[in-house]
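Each chain carries a letter (A, B, C and D) given by its place in the written order, and its residues are counted from 1.
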Amino acid sequence: MFTMTSTILRNLLKEPATRRYPASVRPSFEAARGEIRNDIHVCTFCGVCAVKCPSQCITVDRKAADWSYDPSACVQCGVCAEVCTSGSLQQARDYRKPVRKKELVVLKGATTPPKHSDPPVTG
Amino acid sequence: MQGEIMDIGLDNLLGETARIKVEGYRFVTISCVEINEIRMELLYHFDRNFQLKHLRLSISRDCRAPSISPVYFAAFLVENEIQDLFGIRFHGLTVDYDRTLYLEKDVKTAPFCKFAVVEKSPVCEEKTP
Amino acid sequence: MIRHGILIAAALIFGPLVGGLISGMDRILTARVQSRIGPPLLQPFYDVIKLLGKEKVVVNVWQAFCANAYLTAASIAVVLLCLRSDLLLILFIQAVGSVFLVVGAFSSTSPYSQIGAHRELLQMLCYEPLLILVAVGVYLQTGSFRIAAVHALHQPMLLKLPFLFLVLGLVLTIKLRKSPFDLSTSHHAHQELVKGLLTDYSGPLLALTEIAHWCDTALLLGFCSLFWATNPIGALLLVAVTYLMEIWIDNVCARMNWRWMLGYGWGMGMALSLVNLVWLYAR
Amino acid sequence: MTRTIIPFGPQHPVLPEPIHLMLTLDDEVITEAVPAFGFVHRGLEKLVEIRDFHQMIYVVERICGICSMLHAMCYCQGIEEMMGIETPPRARFLRVIWSELHRMHSHLLWLGLFADSFGFESLFMQFWKIREKILDIDEATTGNRIIVSVNVIGGVRKDLTLEQTRGILSELKSVETELKRLETTILNDYTVQNRTVGKGVLTAKQAYELGLVGPTLRASGVMQDARMLKYAAFDDIAFTPVVETDGDCYARCKVRFREVFQSIDLIRQAIGKLPNGEIAVKVKGRPDGEVTSRVEQPRGEVFYYIRANGTKHLERLRVRTPTFANVPALLTMLPGAGLSDVPVIVLSIDPCISCTER
């Protein structure tokens, strides 16, 4: 009986293991699979990401140069970024912030060749 | 596939199962595969010291199959599952949920079947296909 | 008379207030020994305010009445304690309050509530005799059941009634619904009976039972403080140490079942009380 | 008191997942228990018709949040066998490392829940605190905490650097010390033993005949562990299953507690012998034929039956999860037990209802 005593005393003397979350946030690990971002100026709209995505949350319209992504359907597996032929799809380290409404991320690219002087737009 | 596969019919299913149990096999599970509009396949998997043994039963969609749950009690769960998802009815189940294990009471379709099938009362019983 | 009026009002306000604050401190300390940060100190009050603001759903009239009766009895007991009244009277009024809580649970049809009420009865069966024995000890020491007589002592009662104080601690563990005795209901619902006794109380009625529980806590801790009545600092220290021990017990024990509680509670409680009483009598 | 019928669940705070138990009580003693399912059935097996066999990896991973890595591993091993793919040795060792990390966090999760089932809240918090370290390892090495998505057909997607393996070893050391500290509490504490010893006893014969798997079976004295099949790199790693003989809730707890240490040992061995080389091979062609695949999950043996027809969609994927095999044990153990033992007994099989219903 009472074998837990030493453990609870140790806990009392040490810092708590929990964090006051929104106030203190642990930095993400380097390898963490966070939000999917597409540099639409580099994207070639090849559509490989849309084909490979296991949750089919990406749709690519080649003619209209539209790339849309449903973050609430995404499972964060990172396959799309892995298979991306142009290297425009990147998986960020940080998670997407919570939102009040489900919404699609729709990115419109230029149908003309990419201009590298523009600042990259991320979504 | 690992292990030996035996084709059996509706009439010797229970006998084979009982023999397998006597041989000291453990019940693993039953897999149901939809072959075409009429045929279904039931695969009974057993295991003894990591040696698998499979019984393959080909059954018509509107047939009732005998339940092996009197032999292997644990089979009642998977047989109820097949009843729910594939619409094959079993008779002699030790615990029969009557297609309510996963489904609601008034569901008549079999959700896992590719060919839309509405449940009818079984026409043949324990007839060798 | 005016002095009495002020005392009564103070008891009615400060009884639950103190109980609630202690509950808040309990939650912080419990969290800390479990490596958590824990809620703010005033969390119990926020909870009760939220409950009071909810829609009132009355399962049956009896239950609503019982919740009110429980609160009334618990408050009266605290008031009587502050008035330094008769100890036996206080204990009986407190017991009446608990009985109302049980009756309220029995009047609903939920099996969780029913079994919880049944277990609560068993708990009462376990701790009420022990409480009476403690009161008897106090009587043997002071020659009176009146609390005023305790305050007239020159020496802390604890020195003469050490074992009875332990028995009071046992009763406190049961009353505060701490492990290993959180059988009929517990502070969190991770129990086979979910919320047991309190399953069918909801919204404002649940808030009433919670306030009454604070009163009960204040009452029992007040009773504990009597054991070092000669010096307010001593009394405070004694209560603090007692409560720390309760938190300790809560965090190093699993929940037991009611058979164990009856056997252990009675066996241990009775033995300790008898030893103390015989010792007092023999001297 | 007379006969009472208690609807235990589907939403019961003691149960981590929705399962409904209709308990018939005779004065707090259970006379009959009937389970009901179907609250989290998602029909994931049916998804083979619209997801190709590569995408199915991510689907089977989501059958269960706790043993996801092992589901994917079992599936990939099945497809690899079917297509005759030889996975590189490094991938096989990496699979062992991640799968054992999964076993550890699953068992720590269970140990916490088990402590909670008998009302030992502070112990519950301790185990979950330790589990957090394992999840951090997972996140640092694979990117996700639980659904790690490292398996692909032909190998694994992520590699471990030397620095990462060192990090894993040092974290495991601290996990080991912290767990050792809790050993006396979970195994020798009077109140814990009072609640677990002699509860829900299953003899070896009963357990085997009911077709139980995993720690539930091994606690009854049957030495059966799918890791004895020597899949992945288990043929190069010394391994003996943990077996207890009492068959009660205490023995099940002991098996799982010892298996956490065993997993630490297995990870150390795997890291020590980790060969260099490729982590995946290219996959060409499409699967054809039928295959069964088995892997030891934290809850026991998982069984996959895969049938393919040479197209990119499989014909049938059948998953028999360990909890599915362990549920019949509840029907045997519950009658005769007291109401206060129900959570302890139900949790002692480590029920994973999402797994069971898929």
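Methods note: a residue touches a chain if its C-beta (ideal position, glycine included) is under 8 Å from a C-beta of that chain, and two chains touch if they have at least 3 such contacts.
Since this is a predicted model, take the numbers as computed values, not measurements.
Counting C-beta pairs in contact across A-C and across A-D shows that the higher total falls to A-D.
A separation of 59 Å divides the Cα centre of chain B from that of chain C. Per-chain Cα centroids separate chain A from chain B by 44 Å. With centres taken as mean Cα positions, chain C sits 52 Å from chain A.
The mean-CA centres of chain A and chain D are about 28 angstrom from one another, to the nearest whole unit. Counting partner chains per residue, chain B shows two or more touched chains at no residue at all.
Taken residue by residue, chain A touches two or more other chains at 1, 3-4, 8, 17, whereas all remaining positions touch fewer.
Shared interface positions of chain D, defined as residues touching 2 or more other chains, are 120, 122-123, 126, 129, 189, 191.
Here the touching chains pair up as A-C, A-D, B-D, C-D. Looking at the complex, you find that chain C touches chain A at residues 31-38, 248, 251-253. Across the complex, chain C is touched by residues 1, 4-8, 12-14, 25, 28, 115-123, 125-126, 129, 189, 191-192, 194-195, 338-343 of chain D.
Against chain D, the residues of chain C that register as touching in their complex are 30, 33-36, 111-112, 114-115, 118, 179-180, 182-183, 186, 188-194, 251-258, 260. Every residue of chain A that touches chain D in the complex is listed here, in rising order: 1, 3-4, 6-8, 17, 29-33, 52-55, 75-79, 82, 91. Contact residues of chain D toward chain A in the complex are 51, 54-59, 62, 120, 122-123, 126, 129, 132, 136, 139-144, 147, 149, 157-158, 181-182, 184-185, 188-191.
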